[in-house]
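Common to both upcoming complexes is subunit A, partnered first by subunit B, then by subunit C.
Up next is the complex of A and B:
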């Protein structure tokens, strides 16, 4: 399948010592459905995950025959930028899958189960590299509008106001001064 | 159209083969049935035309990620350790993911396939020892952390906090979000929470053996202690008689027992009354709590007083995640194991 001289760079890449991060594989599938996220859950996730990057694996899927036009960017990415990407993101496993497919795409799976696809037809190699880096840096939380750019786990320091704050209690009795004891 | 697409599901005859340690090789037999049906699996996540009207391939939901294509176990394990910014020794880490139920199931399967005894025996060590090590380390480390941070909290309270942080639910939640359920070798899918808990502790045990107690302590602190954010003490620690406990605590500190008084009330004759009961020791207020009935308000006031005494109020200083000092009680952690 991968025999023409045009594909040599790719073949050497794939069979090189850096097997750990670049593995040709069969057609990938998606994992369990993404968790529904409410905004408060999202805030908790942002607070509670010190592991930083939350991307798990990124699949590059592209068609080997369509070298011109749509597949070109993918070839460029895999031949030039993919090893760099793998080195810079050691926590993300990169799978390259050169097989017949309707459209070349990047599939990113995240730690919380979300899977994101980005179509990369007619994108240049650099754009794909930037896109892959962006996907690798994202957490898997849904991309929704952030209502407020701030959040705190301790909203009140002196105590949440309630209607009885600062009102005199029933025990404060205004009467004649009590004799000194 | 579907036949051509279906052919694409076939195992990839890639010249470079798959990485070592990948499970399953090419598509396992039971999934070859899927070949003839539509290759495009319609997932709920897919938006757009591909999602419309394609049959869902239910068989994909029955198997773990490791049985689906695009999986290199060794690479995934390496990426796992890099993602956590920890240096694991990979052998220990791989051992940590092996569960005894997996070994039994695999041996039974091999026997069922008719292999002879030498081929049946798997040369895999399971993770029970690592898991016990990890669990005891995590308990002792967390106990020490809490004893240092909340010196007034009694042993039962600290025990309750540590039990909560090591409970199956919480630990399996943390493990799932670290993608341990993909890497763990287990007989069943989806991985049951007790297996996830055991595997997580085994990972901690592996880290303990690879990097030492200090780094492991930081790891435990970073992943388990944030789960306490937003939680109240008495949500975690069930106390049936807070007033009795309060009286005990006050006698230990030589303070007279509290007298409850109504400080505020509203809507007494309605369906939604609210009473604020204040507890006074020596005529000085120690706590005030609201409730729908007088008894409930008194109990709540007792709980507020206990929270103040133990230093576990909502406005306490947040947990200190800065680097621990050198020579922290590492020796204590080892000796208590």
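Up next is the complex of A and C:
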């Protein structure tokens, strides 16, 4: 089969059924020769993320079982915008997993453990790209009302008030022990 | 005709009822009694709860201000000053701290609050001297006004 590695379309990679791990490193392996050893790819990974693990993960799960029209936006996103997204957000790992699922999803996992799902059925590729960018920019904190816009671990410098703060010290301090008479 | 009407009867069934009910009940879960379980009672309670929480936002401001004033009054009485004297003399000395900050200082920074109370007391004395004195004493130091323009 004569096909240059530069022309491997993403679909063929995905049609093999594996999860395509799309990072700038993977993208470079797609464009480089097919003889790139896995060791150098792993080394590239380590250079990009010296911490040794992915900063944040966004999973695009699509190919719904029922109707192709709902997954159309996902295909558009993966074919056109996914590589740009991966390049623009180097700290985010994008997984594309085309397996039969009831609804196409964007699943975002954050460093603090929160997992956020967004349904992308019947959305166009651009909308999905915008959603993915929004999820990539978020930290994993809960989206609830912030009670106070300030917080401090050391609220008191001079010592918090207690009922004996402003009382004469004769009430609190025990004097030296007097010698027995 | 008979064949057409049967599917038409069954076509528009509500399939979302569970989630529509949960949308309301999730706000009623911490209520007391049957209104945290039964939808018909919960709908009324949740609506009243939302209305009350909207109206209470105006009263929260009043309530918190009263709380701060109580705390400042207690703290200034420890230092021998009453609240009206404390606040008025602090304003006359151009210390424009609001009640929230003064209350927080009284709790977390008692020495600072003591110095504020001393300042207010001194300004009060100077005010008395200026009003009741014969004009022979010099003007008070803390009665001087700083112009920022």
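The rule we apply is simple: the second predicted complex is superposed on the first by the 106 of 181 C-alpha atoms of A that agree within 3 Å, B and C clash if a C-alpha of one lies under 4 Å from a C-alpha of the other, contacts with A are read in each partner's own complex, and residues count from 1 in each chain.
Operating definition for what follows: a contact is a pair of C-beta atoms (placed from the backbone, for glycine too) under 8 Å apart; a residue touches a chain by one contact, two chains touch by 3 or more.
In this text, all values refer to a predicted model and were calculated from it rather than measured experimentally.
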item	value
Partner chain(s) touched by A:159 [first = subunit B, second = subunit C, both, neither]	both
Residue contacts with subunit A in the superposition, subunit B compared against subunit C	B
Which superposed partner A:149 touches (first subunit B, second subunit C, both, neither)	neither
Which of subunit B and subunit C A:170 touches, first, second, both or neither	first
Touched partner set for A:56, first subunit B, second subunit C, both or neither	first
Contact residues common to both interfaces of subunit A (with subunit B and with subunit C)	156-159
In the complex, subunit A residues that touch subunit B	1-2, 11, 14-15, 19-21, 23-34, 44, 47-53, 56-57, 59, 90-93, 95, 97, 99-101, 111-112, 114-115, 117, 153-154, 156-159, 164, 167, 169-171
Subunit C - residues contacting subunit A, complex	75, 78-79, 106-112, 114
Sites on subunit B touched by subunit A in the complex	8-16, 18-19, 26-27, 39, 41, 43-46, 60-61, 65, 68-72, 74-76, 78-80, 82-85, 177-179, 182, 222-223, 226-227, 229-230, 261-266, 276, 278, 314-315, 318
Residue ranges of subunit A in contact with subunit C within the complex	155-161, 165-166
